[in-house]
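In what follows, subunit A forms one complex with subunit B and a second complex with subunit C.
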Partner chain A sequence: MATAAGRLRRSWDKYWYAWAMVIPVTLVLGALVVIPLVRGIYLSFTDANERNVAATIGQLRLPDSFQVIGLRNYTDVLFGPSSKFWSVLARTGIWTFACTFLHYTLGLGLAVLLNRPLRGRAIYRVLLILPWAVPTFISAFAWKLILARDNGILNYALGGVGVGPLDWLGTDALALVSVIAVNVWVGVPFMMVAILGGLQSIPSELYEAAEVDGASSWQRFWHVTLPGLRTVSAAVILLGTIWSFNMFPIIFLMTGGGPGDATQILVTYAFVSAFEGVRDYALAATYGVLIVSILVVFSTFYRRALRASGEVW
Partner chain B sequence: MRERVEVAWVLAATMGLSAGLLAGCRGSSSSSSSSGSGSGSGSSNHEGAGAQEKPVTITWWDTSDSTNEAPKFKDLIVKFQSKYPNIKVDYQNIAFDQARDKFKTAAQASTAPDVMRAEVAWTAEFASLRYLAPLEGTAASADLGDYLPAPLSSNKYDGKLYGVPQVTDALALLYNKALLQKAGVSEPPATMEQLKQTALAVKAKAGADGLYLNPQGYFLLPFIYGAGGDLVRVEQKKIVVNGAEAVKGLEVALDLIKSGAAPKPDLNSGYNQMQAGFKDGKVAMVLNGPWSVADDFTGKAFADKANLGIAPVPAGSSGKPGAPLGGHNYVVYAGSKNLPASYQFVQFMNSAENQAYLAKELGLLPTRASAYQLPDASANPVVPKFKAVIDKAVPRPAIAQGGQLLVPLDQNYARAIGGDKSPQAALDSVASDYRQFLKDWN
Partner chain C sequence: MGTRRRGERPLAMSVLLHAALVAASAVAIFPILWVLAISLRPGFAGSSEVRLFEASSLANYGYVLSETKLLVWLWNSVRVAFFTTVIGIFLSATAGYALSRFRFPGHRPLMWTFLITQMFPAAILLVPLYNILNGLGLIDTHTSLVFACATVAVPFCTWMLKGYFDAIPIEIDEAGRVDGLTPIGTFWRLIFPLARPGLAVTAFYTFLQAWGEVCYATAFITSDDKKTLALGLQTFVTQHKQEWGYLAAASILVTLPAGIVFFVAQKHLVAGLTAGGTKG
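Presenting the complex of A and B:
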């Protein structure tokens, strides 16, 4: 006991600056993350909505009058008679996988391309980063115009080569393909830059050694580049998955989840269900908790898989 | 030491100041609300607000079209300002499609505007959430008997009056006279069957699309109502959107598209495409409301304003035309710090004279019977024609969930147009969506 206290004291004497630096972060994270999270989890067990939460309307102060209703929100969302949760979850899976896969492979390809000595490399890099620099909502609106069935630039161009106007955002499969394509367009630059950074940290001696040993360029890519990128790849794939899973603006602004529910993913569906009409905060919280849970489970398994393959992370 | 004293001074001064400010706010707001909240104290408001002594500022959220309509509303504010110099109006134009959400967020936090232009379907919802001040006995509800009954009905919730109708509207059949003539049709179609034949004739002979259907639920209502159907029956608490009549109405609309009388609409920007085509003379007929007329006149097809024809929506199988009654109401925020001034503002804006002015300038339809008698109102040829439409239009349900009824209809109308769902299946899913928020209905 005494030794523990003594160790703590010694640790404080030695590392007091580290503790001092951690305190503001802890406070801010507590205020911005932990408290809302706990509150959200609590709300998901209640029937809170716009009618019964506290509000101040001028002189009128209405106190909270919602009740704890246990797991009813969860059973409603997961197993309710008109619940679309599972079909939306399945679509979210397709969306997330397609987006992350394309983000990573295209980003990797572009990064490898841009890592070579190339005339005008700086210009390419700037141009390729552009989609990422444009605010997402502007991209979404711009693409919505490009993809419009009547008077859209894309259909106009396709008309020029004899392909009839396609209803890009108005038919189920095409709408999903379109929003995935736009999300890929928006997200590839980040992957490219991150991987480019990773590529530049691979020592060139490794490539020289491989070349001396007679490795083909494919073999060099496979046995030097990819292993060298492992840490970066692991991080960006995890980030990309979480971002795609939660990518709200592209879908919401381009199709609103439509036509019907054809492009609805969990976050957009949660928003529409909870905030259309009288706002259902409990339902929104329930979706929030479910989404976080899914992502936590995913991240845990992902990290465990990485660790199993020898990655310390 | 010296510094510390100074800091203490500054602290004390700011605290004192903010306390004073808070007290000031509380003082002024409680005095205004005590004179304005109850309907019993109403009579004093009539004069009380007119003789506003201390200058106050009220905020008005206008949701009208910011390019075509807003300037005329601002004209009225200038007039108001000269009549009531002590009431300053902070005019804010809020995009219509975001206004409902913004208002609700602001209303919960006590930061909502004093006066709001609310769509008819929002009024009951806001009132049910206690965001609105009741208007009986206030200056805002002066000459209540002068209002047309149908637009007024959307302002009543739970037996109380929470707004006064600013403008009323209904869908009508707008048509390009020249194109119809080219197709050899002299009279606008009066039934859905004639609508189809006319549209096909235009397509065959006039080199334009006969009809463009905006694929939104609101624009489907004439078909549902026309066939004798409805979304819900309020007095029986019954969901009837998937009943046989409504399904028949949807089938009529789909048949217009399938038969080629109307092109397959753009599901994402249908309204804009409809307007673009109609204004350019590429579309001969549309179903649209009086709000669109000012926009139509900016198009080359209506450079000659006389070319725009206005007729009631064609009658469905029930034999009657069924246009949905729309419009907007003036509502006053319950938490307003300047209730008397807000009531005064609503009264002024909604006077018969000012309604007639807006009718003359914009073709907006007055909600007061007496406004139609004024020369200004009949000066705009659109107004008398729409008046005939309004008189037969179908009011929408004034229930708290009224604003939610159209979203599922939007989605499933699109599904039916896309061919993904049969008419019955599409309306069945609308009904199933309704059950989520109309819990104890059958």
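Presenting the complex of A and C:
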């Protein structure tokens, strides 16, 4: 006992200032994140909705009247007859994979092109970064304008070559392709700039050595460039995956998840479930818990895989 | 896919390279140019009507500035983003420093918590935050949006600032300690001023995040006078009316200032983000 207390005492003497410096953030995160999170998890075990949650109507204060119903929300969401969870999850998977894959490959391709000595490099770089400077909700509006069925420029141009008009945001498969394309447009500049930074940190001696050894340009890309980008790639792919998985404004503002549920991903679906019609708080909370669980599991495995292959992170 | 070749490049390769970059640049800037073109065209109704630089006027700009609530929404967005940024930076600067310099018990779980928190989609916190803020009578106020945005901003700033502090040589801290400064004194007197560029970039990034927030704003804000830009602009194009010209003009007005600052800061933006991501 004495040694435990002593160890605590010594630890406190040594680290009190470090703890003092992190306490404000910890308290704020506790208040703004942990408490709502705990309440969210609690709500997911209840039948809370707009009608039975505490409310004030004029002078009248209505108390909470919802009940704990155990795992029923989860069984309903996962296995219920009208459940859309699995189809929305599958679509979220397609969306996240397609977006992250295209973000990374296009970003990598453009970064490699831009990393070569060439005329007008600075101009290309500025033009290619431009989409990043546009607030996301503006990008969504801009693309909505371009893709509009009746007066959009894309259909006008396609009409010129005898195609269409296509209902870009109103047909199931086309709508999904459209929102993915827009999200790719939004996200490629970040990837490109991040990878460009990574490319510039690869020592040129490695390329010279590879060339002396007679490596083809493809072999140099495969054996020098890609391994040299490992750390940057690991970080941006994780970030990109999480960003795409949680990308709310593009889908919400462009299609609202429609037509039907054709472009609904988990975050937009959870939002629609909670805030359209009678607000079903319990259902939204259940979706929220499931979303976070998926992301935490994904990140844990991702980090473990990186560690196993010798990454310090 | 590009490959690296030293010295001279065959002409055909050069042509291909430039063709690829020109095509990519065109895709990157076309939507922005198109919005600009529509914004200069009063009474836009269809694509066939737009001829660049012909019969263009600033009528749409005049209208959105004088006849709509654009300036009110702009001011609302500025307020929400400003307070979120201030809260984010000031709370997380000390924490970022402690995480960068000291290996104290609780260091790793805290880093992991910050990373996880950044992953939370609005969906998980939306409902409980709504209930709690509703209980406090804060729904339909900007305070509620600042709180909601801070859930992302605080961990994000901490993570990013840690990356910047990591880049400042530890010898500076040691020199401060030799001169008799406490750890907290070292931070405020020496490191904080040195990290100013990093603080500026983090602040800007946080500002933009809060500026573009859609989900919480849609759920929390109901009255027209309290809308932020992301909400207000939606009212130009609804099922009943489609005022693309006004939307376009408003979009250009909103993008311009952010875009300019963005270009000044963009190099540092990525450095900070990826440093935070890789050196965790």
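Assume the second predicted complex is superposed on the first by the 286 of 313 C-alpha atoms of A that agree within 3 Å, B and C clash if a C-alpha of one lies under 4 Å from a C-alpha of the other, contacts with A are read in each partner's own complex, and residues count from 1 in each chain.
We take it that a contact is a pair of C-beta atoms (placed from the backbone, for glycine too) under 8 Å apart; a residue touches a chain by one contact, two chains touch by 3 or more.
What you see is a predicted model, and the numbers here were worked out from it, not measured in a lab.
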May I ask you to decide whether A:Val126 touches subunit B, subunit C, both, or neither, giving the answer as first, second, both or neither? second
Determine, under the contact definition given at the top, whether A:Ile138 touches first (subunit B), second (subunit C), both, or neither. second
Should A:Tyr281 be classified as contacting the first partner (subunit B), the second (subunit C), both, or neither? second
Have a look at where A:Leu110 lands relative to subunit B and subunit C in the superposition and call it first, second, both or neither. second
For A:Leu29 in the superposed arrangement: first (subunit B), second (subunit C), both or neither? second
Identify which of subunit B and subunit C touches the larger number of residues of subunit A. C
Once chain A of both complexes is superposed, is A:Asp261 in touch with subunit B (first), subunit C (second), both, or neither? first
Would you check which partner chain A:Asp167 touches, where first means subunit B only, second means subunit C only, and both and neither mean what they say? first
Shared subunit A surface residues [contacts with subunit B and with subunit C]: 53, 55-56, 144, 150-151, 275
Using the touch definition up top, name the residues of subunit A that touch subunit C in the complex. 11, 14-15, 17-22, 24-26, 28-29, 32-33, 35-37, 39-40, 43, 53-56, 109-110, 112-116, 118, 120, 124, 126-139, 141-146, 150-153, 155-157, 185, 189-190, 193-194, 197-198, 207-208, 211, 217-218, 220-221, 225, 231-232, 234-236, 238-239, 242, 245-246, 248-249, 252-253, 266-267, 270-271, 274-275, 281, 284-285, 287-289, 291-292, 295-296, 299, 313
Please name which positions on subunit C make contact with subunit A in the complex. 1-6, 14, 17-18, 20-21, 24-25, 27-29, 31-32, 34-35, 38, 45-48, 50, 87, 91-92, 94-95, 97-99, 101-102, 104-106, 110, 113, 115-132, 134-135, 137, 147, 150-151, 154-155, 158, 182-184, 187, 208, 211-212, 214-215, 218-219, 229-230, 233-234, 237, 244, 247-248, 251, 254-255, 258-259, 262-263, 266, 269-271, 273-274, 277-280
What does subunit A use to touch subunit B in their complex? 50-51, 53, 55-60, 62, 82, 144, 148-151, 167, 169-172, 255, 258-261, 272, 275-279
What residues on subunit B touch subunit A, complex-wise? 29-30, 33, 101, 104, 107-110, 125, 128-131, 264, 266-269, 273, 276, 333-337, 400-401, 403-404, 407, 411-412, 414-415, 418, 420-421, 432-433, 435-437
